[in-house]
Amino acid sequence: MQVNEEKFEPTIVAFCCNWCSYAGADLSGTNRLQYPANVKIIRVPCSCRVNPMFILRAFQRGADGVILCGCHPGDCHYTTGNYFTRRRMTLLFSMLEFLGIEKERTRLEWVSAAEGAKFAATMNDFVATVTKLGKNRRLEDLRCKK
Amino acid sequence: MQRIGVFVCWCGSNIAATVDVKAVAEALGKEPGVVYFEDYQYMCSEEGQTKLQNAIRDYKLTGAVVCSCSPRMHEATFRKAAAKAGVNSFMVEIANIREQCSWIHKNKEEATEKAIILGRAAIAKVHLNAPLTAGESPVTKRALVIGGGIAGIQTALDIADAGFEVDIVEKKPTIGGKMSQIDKTFPTLDCAACILTPKMVEVAQNEKIRIFSYSEVDKVQGFVGNFSVSIRRKARFVDEVKCTGCGLCTEKCPQKKVPNEFNLGLDQRRAIYIPFAQAVPKVATIDPDYCTMLKTGKCGVCSKICTAGAIDYKQKDSFIEEKYGAIVVATGFNPIELNKYDEFAYSQSPDVITSLEFERITNAAGPTGGTLLRPSDGEHPKKIVFVQCVGSREDGSGCGKTYCSKICCMYTAKHAMLTREKYPDTEVYVFYIDVRTPGKSFDEFYRRAVEEYGVHYIKGMVGKVIPQGKKLMVRASDLIDRKQLLIDADLVVLAAAIEPDKSARPLATMLTASMDTNDFFTEAHPKLRPVESPTAGIFLSGCCQGPKDIPETVSQASACAAKVIGLLCRDKLTGNPCVAHSDELMCNGCSTCEKVCPYGAITYQDKEFRMPDRTMRTRRVASVNPAVCQGCGACTVACPSGAMDLHGFSNSQIMAEVDAICK
Amino acid sequence: MEQNNLKETLLRISGVNPRKCMKCGKCSGTCPSYDEMEYHPHEFVSMVENGETEKLMASPSLYRCLTCFACVERCPRGVQPAKLIEAVRLAVIRQQGMNHLKPDQLPDMLDEDMPQQALVSAMRKFAK
Amino acid sequence: MVFSYYPGCTLRTRAKELDEKARKCAEALGITLEEIPDWQCCGGCYPVASDEIATRLSAVRALMAAKSEERPLVTLCSACHNVLKRTRHDLQTDETFRDRVNRYMGNDPVYAGEGEVIHFLEMLRDKVGFDTIRAAVKNPLTGRRIAAYYGCLLLRPSGVMAFDDPENPTVIEDFIRALGAESVAWSMRNECCGSYMALEDKGIVERKSGSVLANAKAQGADTVITACPLCLYNLQKFGGQDLPVVYFTELLYEALGL
Amino acid sequence: MQKMMQDRARELLSSGKVDRVLGWIEGDFVYDVTPHVFRENDIDQLIYHSFASQNLSKYLVGETKKDGVIAVFLRPCDSYSFVQLLKEHRFDREKVYAIAIPCLGKVDAEDLRAMGIRGITGVTDGKERIILHTLYGDVEKEKSEVIAERCRKCRGVHAPYFDERLGEELTKEPLTDRFEMVEKLEKMTAEERFAFWQDELSRCIRCNACRNVCPACTCEKCVFDNAASGIENKAPASSFEEQNFHIIRAFHVAGRCTDCGQCSRVCPQGIPLHLLNRKFIKDINSCYGEYRAGADLEEKAPLNRFDVDDCEPGDVVGKGE
């Protein structure tokens, strides 16, 4: 099916915490490290601000992959936020997989403000992975049409 | 409906070369609610800001979207400009089309399309923005300094000099810290006591400063400007007010076999003791682990001879509750334990010692009266080997530290130089991996040790120390001469790595201040805010933040004091308005949010509510203290009913962004 | 074998990362065989890293390491020089006819008290 | 208590005293050592290169034999002990090695280094207890000044051997004190004796063993004890000191009054 | 048992110790049982048998807003919900008098109908066996044959918390593994799982019965009813919309769900909603250690605490395949 599609451009939503990952994303820009334009970043104060509702909403509205980036465990600007994130996302991603949504479409990564290169590499990898999976076909027909 | 203006910045060619800025402005101009759009070369310039302000006035804008560089660069600039033109700061959003668009994409078409989408997301958010104003809270004009070493002393003195009250909490019976144990200080070689003890006296005499010695912080509550702290005053079994510090008891106490921690166990003290002659406060303390009276109820010698009647065997720990506006952490360092480094035979020979023990042995007030004598037999050592980097710069898999302890190169040079000066017939070897002497007059100091005093600096590491008879056979490599050496030394001195005091970790938990993996406190910013903790109102002084020598510690201590004074000078604090808030009508009062809040910002109260049927009902609801909340949002996700939301990053705002991106 | 490939093989089978070395010389400071060797433990580490394996392979130092593991135990960076020395030695003796110890040499070396352990260990170290 | 026992080839030939006395002492302490069937030579020296598989198989077989008995495997010779413990550790932690070994041997189910390997000294310390030994001593060695020689193989690499503190071990010292003797403090106890160099370069061994015994002598030892046949041979033959070197089991045998 | 409960309730009411009693009442049919607040005048109608399925804890949230003290009957499994609600401050402890009663095993009329047992007019509960009186004569069955799925996988051994106990405490061992179905699903391919859930969830009519019965769903206002939440959604816009609702609902009760199984019991469309909750319970147990909601008043729920060396999502997700 996917073979027929000439060039599939997935929609990727990236939630980045303000203190580490958003700064890391800025750094990959400052260093001119490229990653695909499919990635659109939403800035949140902390990865723990990301409500499972946001991720479901993104899938519902047509996202093909959702990635969440936060400070490394132990480095959270708010001390403990990312630890809660890790538990929440562990359960949520597992649940989404349980419902039949490929695990590769969700990802949690720790990217520090110094890891511009890691940010770009992560995004390149994630976009490649989701592109390979193809359109989030599973949900396409069921999506809430606006 | 908002009236939104869109401003697309070229950033010279930084954005304009990759993104078709005109197309972006035009596309965004078609979005609902957008009544004005413009593109300009440098939005952040004076001229650019004026454009924003004029548009606000001319088009009666209620909000604005600036498509430009990262909000981390100029969000504050544009928000300030908008506020001057009469639009609330928080009605301005930035679409990051430089760092996260033009700089990472090459294809102009792609980049332009993405810039438009990012702009749309920002517009969608502004539609749901509401003006925010920051809350205010008062400031208690008193500071707490935890730790009474040179860092704590300097910080306290500077704060007190500015006219604010300061309390010092010190867990030992006296202030003074590590510096009081040191003999001479590099690079000038003036005696540590000569420069430290006047400062200790100054602290004692300063009316603004209270010293709680032999005390520990027990509990910390509150937030910047409004901390309330419970301090445990450990029972010292001596009335501090009555004790004159005459020291008679410390001479007459029959229990003489107590290892003297001030001299690192190199000699012994009594069960009742004053750590050293210049102690502040100069008050005796009974060591409950060794006092015969406290252990068996039989003795009482000190009580009998004390003319001031200061001895009180029944004394119990007491607590002091006090309010503070700022807290300074100055908990200092310790050399690491060397029991895992027995290739150097530290636990096998009394003549293998740490550098701090060497300080005591050469200190005129130390166990040998300042004469350099070996601990084993009291003889003059004729050959001394110094080993650098013991436990520092390790790969972290073992018991060592990954970092450089920073002070060892200089104090070892000092020890080597002083030894050669006082005892020219003593041969001194220093084994080093690198000699690190960045600091004013530091390298000159080290070169003097080599050139004027003839200290043998050998590039290489000691592999094994073998006690044999009265000698210590030191096997080491000389990497420059490509030789393995075997030196028959009389004394081996190990430059042990330094680590943060063990009390720091539990303290950090109490303060909700963050630490790195080595238990050093982290700074709010490693370069630009080096003396503040990321937790507002917590400041860092001295080695609790990282290894430091005395000059550096004192500078940091004064810098820290300046920051504290800056805080205490203010009457009110303005908070971050992007904080959590609870919709009381929806709140279940279930306490889930409270459990995930790292700042203790959420409390519960029973409130009366008028029900639809006009009856009154009392419900338990959450309320957020906006001065304490830092706006992480952990609570908003924990809340099942969605009653808890975050100003500036609300559920609906973020979902509007999601929708705009996924459209 | 080509130099680069050889270096890679040495690093792979030894599991040593020579870049972890901070050149403190503690391995050589503690090595009981130091004076018997032409190249010393820390030099093995830097020479392999620099690609100077030929010199090492030709050196009798290879057969002077006692595998006592003092260098491994005491290295502050976890470099494990002894494993690298063994890897270089293997690179030599695995070649045809390059056994350092040959069975016909043995009778002269033995005496009646010598434990098997010595013989077995030496053969394992020095011959394939 | 019953343990599986791996004697090793040296104990069958040149080091009979080590083996025989150990068995008798064990018996006296109420321990049965069941020799595992068909054991082969461990190879004497652990091959540290990751691609050496065949040379480590005899050790794997010994471990599997003990595992099937579900008893800890006791060793006496330091070399065997070193090889067995390290093989076991690599089976547990190195996946590639484990896979290759199991494929080579056609194991089903896969053997992943299960079972315990302990040295006779560890058995005395952890399973019997030095207090029990102290109580069993009939002929206390009062007044003797004994130096404990560990050598390399018992202690290193410490992360794998987990035998004792690699730089300041105490097990043999505690053993000596349990027998009523005085333990000598000396730090050449964990330095190499010269090992297999005994074969081709006796000079090295003379220098190494010489400095070891010189240190023991200087620290006032009247006897040196060891658990390794090769150390014993080197120290005795090349140590150049008038200082008896014996196996620790001989000392135990004497103290138990056997 | 029923008699004992009536007597005790009467005693409590007449002594003034409590003002009301929360129990079960029969409707037109013996299996048509509903919760009811009794006073002295109607206490004779209080019933207790296998068809009294409802978990009464949730009703306390509303009942304690009124004046006076209310007594409540709690089976072991119900009392976990009771503790969980108490832990979340959802009702006023002072106003409740909790009476622990032994469980008889719950029987759903739907299940019996599927077995061909119809026209039920009465029921007699034994310890191991149950006699169902029907229009067509009595049917006697092993209890284990007829009890509901959630009871077959019961873990309610004893009540964790109560004021007084009526009857003897039963000791019950879990009968089968409750994660069986979750594991079965985990072993399927992603396609099969998606098909399974699409089939199940597309039947949802958004009647909110699951939400109404759930003892953990006691929000003052549900996030799905709240216009400000950004996800207000009262009717099923599409089947994925339903997934969204059910996932969020399951997430909101994760770490709070006592696995009482009421959600599936009341679903008119027969959607096995409890599987979502069990999936969370299974993951929580395997990642963060065994946890049972409502077993303890103090212990922090798994999502409200953490360990610094918790597993990463990647360590867990994908294990099923």
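Read from first to last, the chains carry the letters A, B, C, D and E; within each, the first residue is number 1.
Operating definition for what follows: contacts are C-beta pairs under 8 Å (C-beta built on N, C-alpha and C of every residue); 3 or more make two chains touch, one makes a residue touch a chain.
The shown structure was predicted, so the numbers you read here are calculated from the model rather than taken from an experiment.
Listing every chain that touches subunit B and subunit C alike gives D. Separation of subunit A from subunit D in touch steps, taking the shortest path, is 2. Among the other chains, the CA centroid farthest from that of subunit C is the one of E. Chain B has the Cα centre that lies closest to the mean of all protein Cα atoms in view. Work out the mean CA point of subunit C and of subunit D, and you get 24 Å between them.
With each centre defined as the average position of its C-alpha atoms, the distance from subunit B to subunit E rounds to 50 Å. Once the centre of each chain is set as its mean CA position, subunit C and subunit E turn out to be 69 Å apart. Rounded to whole angstrom, the centroid-to-centroid distance between subunit B and subunit D, based on C-alpha atoms, equals 49 Å. Contact of a single residue of subunit A with at least two other chains is seen at positions 52-53, 57, 74, 80, 84, 88. Multi-chain contact residues of subunit E (touching two or more other chains) are listed as 223, 230-231, 303. Multi-chain contact residues of subunit C, defined as those touching 2 or more other chains: 35, 70.
By the definition of touch given earlier, these chain pairs are in contact: A-B, A-E, B-C, B-D, B-E, C-D.
Interface residues of subunit C facing subunit B in the complex, by the touch rule stated above, are 20, 22-31, 34-35, 40, 42, 70, 74, 76-78.
Residue ranges on subunit B touching subunit E, taken from their complex, read 583, 585-592, 595-596, 604, 617, 619-620, 638, 640-643, 645, 650-652, 655-656. Against subunit C, in their complex, subunit B makes its touches with residues 343, 389, 393-395, 397-398, 400, 431, 433, 459-464, 475-479, 482, 484.
The part of subunit E that touches subunit A in the complex is made up of residues 182, 185-186, 190-198, 223, 230-231, 237-241, 243-244, 247-248, 250-251, 254, 276, 279-280, 283-284, 287-288, 302-303, 306-308, 310-318, 320. Within the complex, the subunit C residues that touch subunit D are 12-15, 32-33, 35-36, 63-64, 66-70, 72-73, 82-83, 86-87, 90, 101, 106, 109-110, 113-122, 124-125.
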